[in-house]
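Two complexes come next, and they have one chain in common, chain A, joined by chain B in the first and chain C in the second.
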Partner chain A sequence: MGRFILRRALSALVVLFTTSVIAFLLFFVTPGVDPAARIAGRSATPATLAAVRHSFGLDQPLPVQYVKMMQHLFITRDLTSFVNRGAKVVPQIIAATPITLSLVFGTAIISMVVAAAFGLVSAVHKGRFVDPFLMALAVLGISVPVFWLGEIANLLTQGGLHSSVFSWVPPLGYVPLTANIGLWALHLLFPWITMSVLYAGVYSRVLRGEMITTLGEQFIQAARAKGISERRLVWRHAFRCALVPVTALFGLDIGVLVGGAALLTEVVFGLPGVGYLTYQSLQTVDLPMIMGTVIYAAFFVVLMNAIVDIVHARLDPRVRHA
Partner chain B sequence: MPTARKADARLIDGTQIAPVLRRRNIVGEVLAAPQAVVALIILVLVTLSAVLAPLYARFVAHTDPFSSQVSATITLGGKAVPVMQQSTTGLKLGVTPIGPTWSGQYFIGADNQGRDVMSRLLYGGRDSLLIGITSAIACCVIALVLGVLAGYVGGIVDGVLSRIFDVLWAFPVYLLAICLSIVLLTSRIAFGPIVIDSSSLILPIAIISIIYVPYIARPLRAQVRSLCQRGFVQASISVGSSNWRIIRRDILPNVMPSVIVYFPIMVALNILIESSLSFLGVGVQPPNASWGTIINDGLPLLYTRPLVSLAPGIMIAVTCVALNLIGDTIRDVLDPQAKIREAV
Partner chain C sequence: MPDTMQATARAVGADVALRVESLTIDIRTKSGVAHIVQDVSFTVAKGEFVGIVGESGSGKSMTLMNLLRLIDNPNLNVSGHVWFDGEDLLALPAKRLREIRGGKIAMIFQDAMTALTPVYTVGWHIAEQLRAHRALSRRAARERAIELLTEVGIPSPELRVDSFPHELSGGMRQRAVIAMALACDPKVLLADEPTTALDVTTQAQILDLIRRLRTVHGSAVVFVTHDIGVISDSADSILVMYAGRVVEQGRTVDVLAAPQHPYTQGLLGSIPTPGASRLTSQLVSIDGSAPTPSEQVVGCAFRPRCAYAFDKCFTVPALRPREGQADDHLDACWLQRQAQMDLRIEAGS
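Right, the complex of A and B next:
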């Protein structure tokens, strides 16, 4: 097991390193950008320009430039945004992280509960009316563009109905959890629901498939022959078993979401999370910020990938020897 | 010796493999499911509406959906009505585009430039479907080539390709698409005499086809690897079949069902991702219009003329539901075990 973890961690580091190199190279393939001039700022004197050039190693070969760039990004953390001179890349990303985490946290809970209910009910009642009905809803969930759904939610809650039915919905924005937990949840309610529609759809489909496969296995037949109740059979035997591959997939998606894939929802609902930061920096071609957010995203994806693999190997020793 | 090998191969091909490879009536099996028939009808209608868009614009809407019509007027109930209506509330400043007339011209209203949204919707379907289908084909072909290469050749080729898949996999698809868009949209791309304009549809197609390659190539690679251990492939190797023959006769027929299962789901995913990229401003560029760009055009009008954004979203949802239903049915028929990561 130790060797497997080591091997997995090493490969994660390789992937992370490659990603950071790609993110770094974005600087140099984006045309019309002189990194030194942009880092030094618009009103830089030739002296500052030379200092920046030296400090970032821009007069040296690319590998040196890469090392210096990573130093400025992660160790001294003084790489600033191109657009907002006062904003340092890493601290700004760290400041935005709780917002994204809040969004992903609620989405994970809501979508998992809904997916479990949908998947379980339609697998147990396979072929009866409720199964195609729930699965049709799930297909709808994965077929609707998330940002569009968010705009509809805004139209309903912030538009004409805001003065009557939805008067309790606060205006778009974010309130930190530590400031007021009630307002925090209220501000995030519709973003949570919007994002959950997609993930509940995805996972109720996956869970239904896994449940049906599991319910057909021999150990279920054996348990049934032994005479345990159908409720216990579904919950204790089949559901637990079907949950393993689902949680594995879900772990990967959490990594992707925390990494910034929630950006559409964040943009639509005006939540200043990491995704929003990424979006903003893309709009303004703010290269240091883009580099930071890309590496940040890759970090979470690679981390969750590795965790999922290690947990999987712990549960199923055959994986270790693959 | 060569003759004997040939005879052996024929024995395997003719007598033992052939009955297994007997052609199934897959289309018939898929269409036996009522939801697949409904989905197919929807897709045919959507495709027809997109194909006939110029006819609609010319003969029903009498308009050019790609040029600004801010000063146009139309006749409604015998009266001439401006397309961009002066605001009647507050300071009476600004204009609001005409709402749905539910008749030939401006059936579901106009956008901020006075353009007929219904015509644009039909034209948008062309680009959305074109991008969705072309990217899905490109993605499946690239993934098939790379997946078979990595799985069949193995060794260093497999190592390099698998690492590339890992790195691509480490980018959330949106981020990867956006990074590619920035690089591609801001640079002038030229292959010899062919220069690709930044408004060309080739760019979103290329971006969207690249981002999902690892999602298909990885499972295909695993499938090819396990196929290589199977008896019939070993038999083919032992009678001295060429690599190309083994790939063509033994590997491809066994992985094609998976690719066919992925295809409709890929088209749906591509349409969704195209709309999201266009929403973020890095997808389809004007003067082209896709469903995603029309949603984006409608956002400033969301609270006054919601239909401009609602209609293309509904088109996307309907099309993707139909594609997913067909995909599900094909999977049930061909490859009940197939799994694809659907999330974006």
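Right, the complex of A and C next:
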């Protein structure tokens, strides 16, 4: 286990280093950007400009510049946004993280429960009416774009029906979990549902496929020959085995989502999460912010990868010693 | 077929562990209905060892699996009767059938690797089997599992009980599966080619184990194999299956001494005898290959490959005893014994 963690940590470092180098190089390939001038701000005096140039090592070779940039980004954390002078990159991202985590983990739970129900029922009743019906629903869920569904949800809950049926829906925005758990959940309810429609669709199809494969395995017949109930057969034998590849896939998706891929939902519902931050910084070519969010995304993808590996080994003894 | 019934009822009344009557299995496919098993009948006496021999696709495994209705396929149509303890397993409600599965009739499989759920330990599997039919605590089930593992000859069972299937060798895995199957002292043990995936030495050990445990637990055994040599020493009686039908059945001694059906003769002729001269005893091979269930052969399914086929063979022959043979030695061939002899001499073999 110790060796495993060490190996994962080393490979994580390599990935993060590579990502940060690429993100850093964006500064120098973006046309029309003088990093020093942008960092110093529009109204900077030549003296400030020189100070910035020196502080960021911009008069020195690229490797030195990279090290100084990372220092300002992560250690002194005083690298500011190009657009919003008061916003420092790393503190800004850290502040946005709980919002994204709330959105993603709520979605993960809802979509997993729905996917498990759909996938299981479909697989067990393969070929009967309920199976194509649920799977058509799943395809619909996958096909409906998040931004469209989100806007429709907003139109209904914030628009015409807000004064009647949906009067309980709070305005768009976010309330921290620590401030008021009820309001937190209420604000996130429609974002969760919107995003879950996609992931529940995807994973009910994946799970159905895995379940059908597993139910065709001989150990299912062998288990049936033991005289256990069909319920136990489905849950303890088939579902337990089908869960292994599904969890692996799902973990990676969560990593990508936490990394900022939930941006469509965040933008539509006005949730100031990391995805929203990424979206804003991309629109305004806010290079420090882009650099920060890119490294942040890489960090979560790497982290979730490692967690997936550990969970995978817990779920499947065959990979434990590999 | 009154004479078939009469003959298969060799073991009657209280001595019968399992009686299969006219088991027929059809499967609906896109290209029509395929007959996988047709009209198979046999009786297993208490404690008896019955061997079912046939090549791949002969329907022998399908027969075995469907005795306990293990295959969950809506396109499968199983008819006939499987009598056990006065109940027809094919007509039993699911709940009652579950009490019999594993509890009264247990099964072991060809590949123990695929017969065990890969994410659970050997001990978990045995405990599940025990707890499905006995009210046992977790701890008691585990202790019983260790005892069973000891009984089937697994070294350091208190360690192995926590091993995962992939951590054991093929032979050890099969032993563990046998331990699981015998956990509830079943009256009948169904064995689907349990030695096929093993090397010859391990094969002999496993077969030995099954024979020994059969006496200890008093279970009857129905052993399916494609290798008649594997069971010729162990089986009390034998069924030879070809293309979904039984072509010959009877006591092993009778069938081996005087095989009546040309297919059985071919099977037996293909086994080398140790020490036999290569000049005087030649191994027989049967030309061609067995029809698949979707290929419908008119009449006797063996006809296209049979050296003795004649016009009568375009009608399916019924299983029946022969004059000069034991009453319970049946075969399904139109040929008269004398005619067979003559033809064989003619063919110069």
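As a convention for this text, the second predicted complex is superposed on the first by the 301 of 322 C-alpha atoms of A that agree within 3 Å, B and C clash if a C-alpha of one lies under 4 Å from a C-alpha of the other, contacts with A are read in each partner's own complex, and residues count from 1 in each chain.
What we mean here is this: a contact is a pair of C-beta atoms (placed from the backbone, for glycine too) under 8 Å apart; a residue touches a chain by one contact, two chains touch by 3 or more.
Keep in mind it's a predicted model, so treat the numbers as computed, not measured.
When both complexes are superposed on chain A, chain B and chain C sit side by side without a clash. In the overlay built on the shared chain, the residue A:A222 is in contact with chain C alone; chain B does not reach it. After overlaying the two complexes on the shared chain, residue contacts for A:V202 are found with chain B alone; chain C is out of touch. Once the two complexes are overlaid on the shared chain, A:R240 sits against chain C while remaining clear of chain B. In the superposition on chain A, A:G259 makes contact with chain B only, not with chain C.
Rounded to the nearest 10, the angle made at the CA centre of chain A by the CA centres of chain B and chain C in the overlaid structures is 80 degrees. Touch counts on chain A: comparing chain C and chain B, the chain ahead is B. In the superposed model, A:D316 makes contact with chain C only, not with chain B. In the overlay built on the shared chain, the residue A:F147 is in contact with chain B alone; chain C does not reach it. By the touch criterion defined above, A:S163 reaches neither chain B nor chain C. Of all Cα pairs spanning chain B and chain C in the superposition, the closest are 11 Å apart. For the contact definition in use here, the chain B contact set and the chain C contact set of chain A share no residue.
Chain A makes touch with chain C in their complex at residues 127, 215, 217-219, 221-230, 237, 240-241, 244, 315-318. Residue ranges on chain A touching chain B, taken from their complex, read 11, 14-16, 18-19, 22-23, 26, 29-32, 132, 139-140, 142-149, 151-152, 154-155, 158-160, 198-199, 202, 205-206, 209, 249, 252-253, 256, 259-261, 263-264, 267, 278-279, 282-283, 285, 290, 293-294, 297-298, 301-302, 305.
If you check the complex, the residues on chain B that touch chain A are 35, 163, 166-167, 169-175, 178-179, 182-183, 186-188, 268, 272, 275-276, 279-282, 292, 295, 299, 302-303, 306, 309-310, 313, 316-317, 319-321, 323-325, 328, 339, 341-344.
Listing the residues of chain C that touch chain A in their complex gives 65, 68, 70-72, 74, 94, 98-103, 106-107, 109, 111, 114-119, 128-129, 132-133, 164, 166, 177, 180, 190.
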